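Pasting the structures in now, so scroll down.
Okay, so chain A shows up in both of these, paired with chain B first and chain C after.
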Partner chain A sequence: MEPEFSFTGGQAPRWWWWALIVTAAIVLAAAPYFVDIALQFDLSIIFIFALLALSMGFLWGYAGILSFGQTIFFGLGGYSYAILALNTGMSSLSMLGAILIPVAVSALLGYFMIYGRISDIYLSVITLVVTLIFEKSIRSTSGPEFVIGSVRLNGQNGIPGVPSLNLPWEDGAPLSIESMFHIAAGCMLVVYVGLRLLLTMRFGRIIVGIRENDRRMELLGYDTRRYKLAAFVLAAGVAALSGVLYALWGSFVAPEMFNLNQAAQVVIWVIVGGRSTLIGPIVGTGLVQYLSNWLGTVSVGQVTLVLGAVLMLFVLVFPRGLLPTLGDLLGLLRRRLGGKGGQ
Partner chain B sequence: MIATTLYLIVYSIALLVLVSLGLAVIFGIMKVINLAHGEFIMLGAYSCVFCVNAGAPLWLAFACATIAVGLFGVVVERLVIRFLYGRIVDTLLASWGLSLFLVGLVTTVFGPRSWSVPVSFGNVTFAGINFSSYNFVLISIAFAMVAITWAIARFTTVGLIVRGTMQEATIASALGVNPGLVYMGTFGYGAALAGLAGAVLVPITGASPTLGLFFVAKAFITVIVGGHLPLIGTVAASGLFGTIDGFVSYAWSSVAGEVGVLIVAVVVLRLLPLGITGRMRSGL
Partner chain C sequence: MTGQPILATRALEKHFGGVRAVAGVDFQLQPGELRCLIGPNGAGKSTFFKLITGQIKPTGGELSIAGHDLLNADAHAIARLGVGIKNQVPDVMNGLTVRENLWLAAAARWRGAEVAKKADCVAERLGLTAILDSLVGRLAHGQRQWVEIGMVIVCEPKIVLLDEPAAGMSDEETALTAQLIREINRDTTMIIVEHDMQFVKQIARTVTVFHQGRILMEGSFECVTADPTVRGVYLGRSGG
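Take a look at the complex of A and B:
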């Protein structure tokens, strides 16, 4: 039987990987001078979502924890930023706070789930339930009595007019579309490189070991629960960053950020791209977002209908995702060609 | 005051049993969590609405919804779930895909609006409180579902085979049982229970594409905290959560009730990671 996950990530990246990263960084930095504003705006949101997909791809593909609740931390990050920034007016500190709050919540939730040693499948369902109830709670806060500081939570309608990030070197002017693009692209690239390098280090190897065989790692003397919790919290931090960027991008937060469709989309991005790689979730996000936008413009019906069908199709036919499947095909082709060349 | 609280608690427990028993049966026997459970409930609700609109009496509409969704469950098992046995996570994902697909499909076909059935039930006054007599119907059906499922599992040959497969599928298979057939039947039975639940809920909630979402969160918590024994687990967890939900909903709001249930569930799972029935070796 095919191994469920591949073993990528253990080795240090080679020179061509660094060359690709540097090229990508240069292209993304220069892009605003070539690409029109509308496309920059659309690409920014794809990068922000890619960050969310990365957090899930890391947690699921490498730590083996399938959390349906990445959108909890995404939404909590966005809401925390909106509330802190509107109350204090200090955008950079609010950003920091808006990442710390979801991280604290994830540590608490993760402690109960992971230290209780509930099985993986229970963890998935519990995170899903937390998402559902979190959304319902926020939706029920439309009354005037739900106020934090001076900000009304507004239930369904969300919080409009979220202040923009004031960069010190731009004299406190609100973010332009170009800077938003640079920040989104930069965060995505830095998080991608960071996670890729983390996986080559001791911590990364240990969590991959836990994914492969929890019991064995424990017998080798590792406290697997601690490492799992650390991975869970790290992923929550990345999701929270993505949520803050989302709030900045639209200057708006609403319960749609963490409803079930959004949670399902994250899973679909990761499973379409391939969970056993880090680049897969990024590619998957781009493809699926493009497909959703296209479906929106041609209006062939409900987007959820198509997304549901895509999810079922991938689980049944390509459970490993596009990139690993493509990799397998290329490997097969190379062996075939190599075999012929040798004869 | 006490009577009202008591009534609310019994009602909450019955509601939890109603929406989670189908899920619990499938989970207990097949170890599969069907994330499309809420949509099975929703389909049951729509079937009931159509039967009533076609002129059928309500009890016949209940029966039709049960059978229709049960058959639909069998089809789903054959087309999707069958290929994923042993891959629990993939089953979870595929059933989630199915759930989204069904919500999208029903919204496309019947529109996002809510359909209701024209049934009128009187109110009764009992022990000083005034409430709808339909709620008594709901409570009786919920407990009848448990009793019937228990009777099937305990007294019939089919029940014996299913219990055997639940405990040890390989041994059952060595004795000539076809586990595939048992799983197909179980999935159909669980789906039928969900369909009945949806039909019973229609006079209260109406039928809309997102109906399932209102109930799944509580159903998932109940089943997970209940553990692997479907009947004891569901009844025990429903009793616990129904009590909490009834109290908190009465004191604050239904959302607060749900949050309370969630917090208690997470704490219970920290102490009993396999659920209330996790340590029980055998039973129902």
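Take a look at the complex of A and C:
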């Protein structure tokens, strides 16, 4: 039986991985000095979406849970931040609260789904339905009676004027584009490194084991539901952080954060990059977003149609995603050059 | 057999719709025993194993392991009490390496440096050291069976259940498996489901015959194989 995954993630990263991370950190820190402001703005949103893709890539690729509704927590994170920050004026505490609220919702939703032994496909459907319920509910809050504190929800018009994050070292001034770039890039890098290291630890290795064979892990004595719930909540936290950053980036939140288009995009980013690595979803997000932006700037007519065709072709050529396929090709090349036969 | 049994069932039942896969089994196992379960296909042996390990919930009856009432307990809770099982079809993590499979099994019981140490020790005992970094899904059937046995014994359970441990193995592997079972049995209670009567003859002390979800007979290998009823319902057909 040929296994679906060739990368377990259980091994500790090698020195060259750490060298790449340090290099990436230096490049990202220095980028505002040689990258123009428009590109910084575009890259910031790619990093924010990459966080959302990472949350799904981790959950789907490593815990084996296909949640179509990471946008539940993305949207809730954004809305929670907007409402808390506009009501309290305390941006840092609001940011923390805006992550904790979706985390609590995910714990509740995850508990009923995972402890209720709902099968994988139904879990995907339920999460998709829940995100659509959130979207419809928010869209129907346009009346003046839908107010939380002093903030009107505004239905499909969303909430504009979301307060910026006040950083102590910037003397309370709103975030500059450079600072937003640094925060988005920093969060993405820290979350990526954190998740990668988590996979080398006991918890990470256990969730990979559960992905591979839930029943065997139960028979070894692991309460797999507890680990799955923990992974679901962790991924929700990452998606919520992405939602908060999205609200900060655009100073605006809208029901589109929850919608089907957004939910499907996350799946596409992960599929394109490959779900059996953590770097895959980041690369997938970058590629798809770049392609979308580029198609928007050239006259190709139906951008969505062209993008869809490109994606279909991509999935057919790289069914496991770009990064795992390239990894396999490199491995094959290395074995050939080393004069060894295939395993 | 007068001591407190390590495993006991009383009127244990499992119905699938109108089918009584296990139909009122009274079974007792003393600490240190090595019991073989035999019987035709569909006799309820594997279902009985699944009931003992919590993989399926019984329709009725009683189940106790080491004095704990575990009738509706979850599989992980039963495993934590020291019950390990190797299922009929290799039940391993195909996408992970042999090392990772053994590590995950060891980590369920041990902590810290003990985990890798125990996993390496079992790999050496089973001759898996050379294939530690191979993906389990790419191994031969017999090797995957050994990996699964390794995953069971690395936890050092009190009771080991092996469902057809010699199935699909070569003669040499079967002999090694019999030797391994005798070694494990030195300090572990075991129940083994097996169809290969030559294999059963090598390892068994007491044999329990299942037929139509019930225990038909229990006794020594010689007694059981000489019994005309057992020969009629099982051995006559299996050629054993």
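Brief remarks on what is shown
We adopt the following convention: the second predicted complex is superposed on the first by the 312 of 343 C-alpha atoms of A that agree within 3 Å, B and C clash if a C-alpha of one lies under 4 Å from a C-alpha of the other, contacts with A are read in each partner's own complex, and residues count from 1 in each chain.
Methods note: a contact is a pair of C-beta atoms (placed from the backbone, for glycine too) under 8 Å apart; a residue touches a chain by one contact, two chains touch by 3 or more.
Nothing here was measured: the structure is a model prediction, and the numbers come from that model.
Counted by residues of chain A touched, the larger count belongs to B, out of chain B and chain C.
In the superposed model, A:Leu305 lies in contact with chain B only, and not with chain C. In the superposition on chain A, A:Gly97 makes contact with neither chain B nor chain C.
When the two structures are aligned on the shared chain, A:Ile121 is found in touch with chain B, with no touch to chain C.
When the shared chain is aligned, chain C comes close enough to touch A:Asp223, but chain B does not. Of the two partner chains placed by the overlay, only chain B lies in contact with A:Val130; chain C stays clear of it. After overlaying the two complexes on the shared chain, residue contacts for A:Gly209 are found with chain C alone; chain B is out of touch.
When the two complexes are overlaid on their common chain A, residue A:Leu109 makes contact with chain B while staying clear of chain C.
Using the contact criterion defined above for the overlaid structures, shared-chain residue A:Pro13 touches neither chain B nor chain C, since it reaches no partner. By the touch criterion given at the top, residues 53, 55, 74-76, 79-80, 84-85, 87, 91-97, 100, 103-105, 107-109, 134-138, 151, 155 of chain C touch chain A in their complex. Every residue of chain A that touches chain C in the complex is listed here, in rising order: 1-6, 8, 10, 202, 205-206, 208-209, 212-213, 215-224, 343. On the side of chain B, the complex with chain A involves touching residues 33, 35, 80, 83-84, 87-90, 92-94, 96-105, 107-108, 213, 216-217, 220-221, 224, 253, 255, 258-259, 262, 265-267, 269-271, 273-274. For chain A in complex with chain B, the residues that touch the partner chain are 66, 109, 112-113, 115-122, 124-126, 128-130, 132-133, 136-137, 140, 260-261, 264, 267, 271, 301-313, 315-316, 319.
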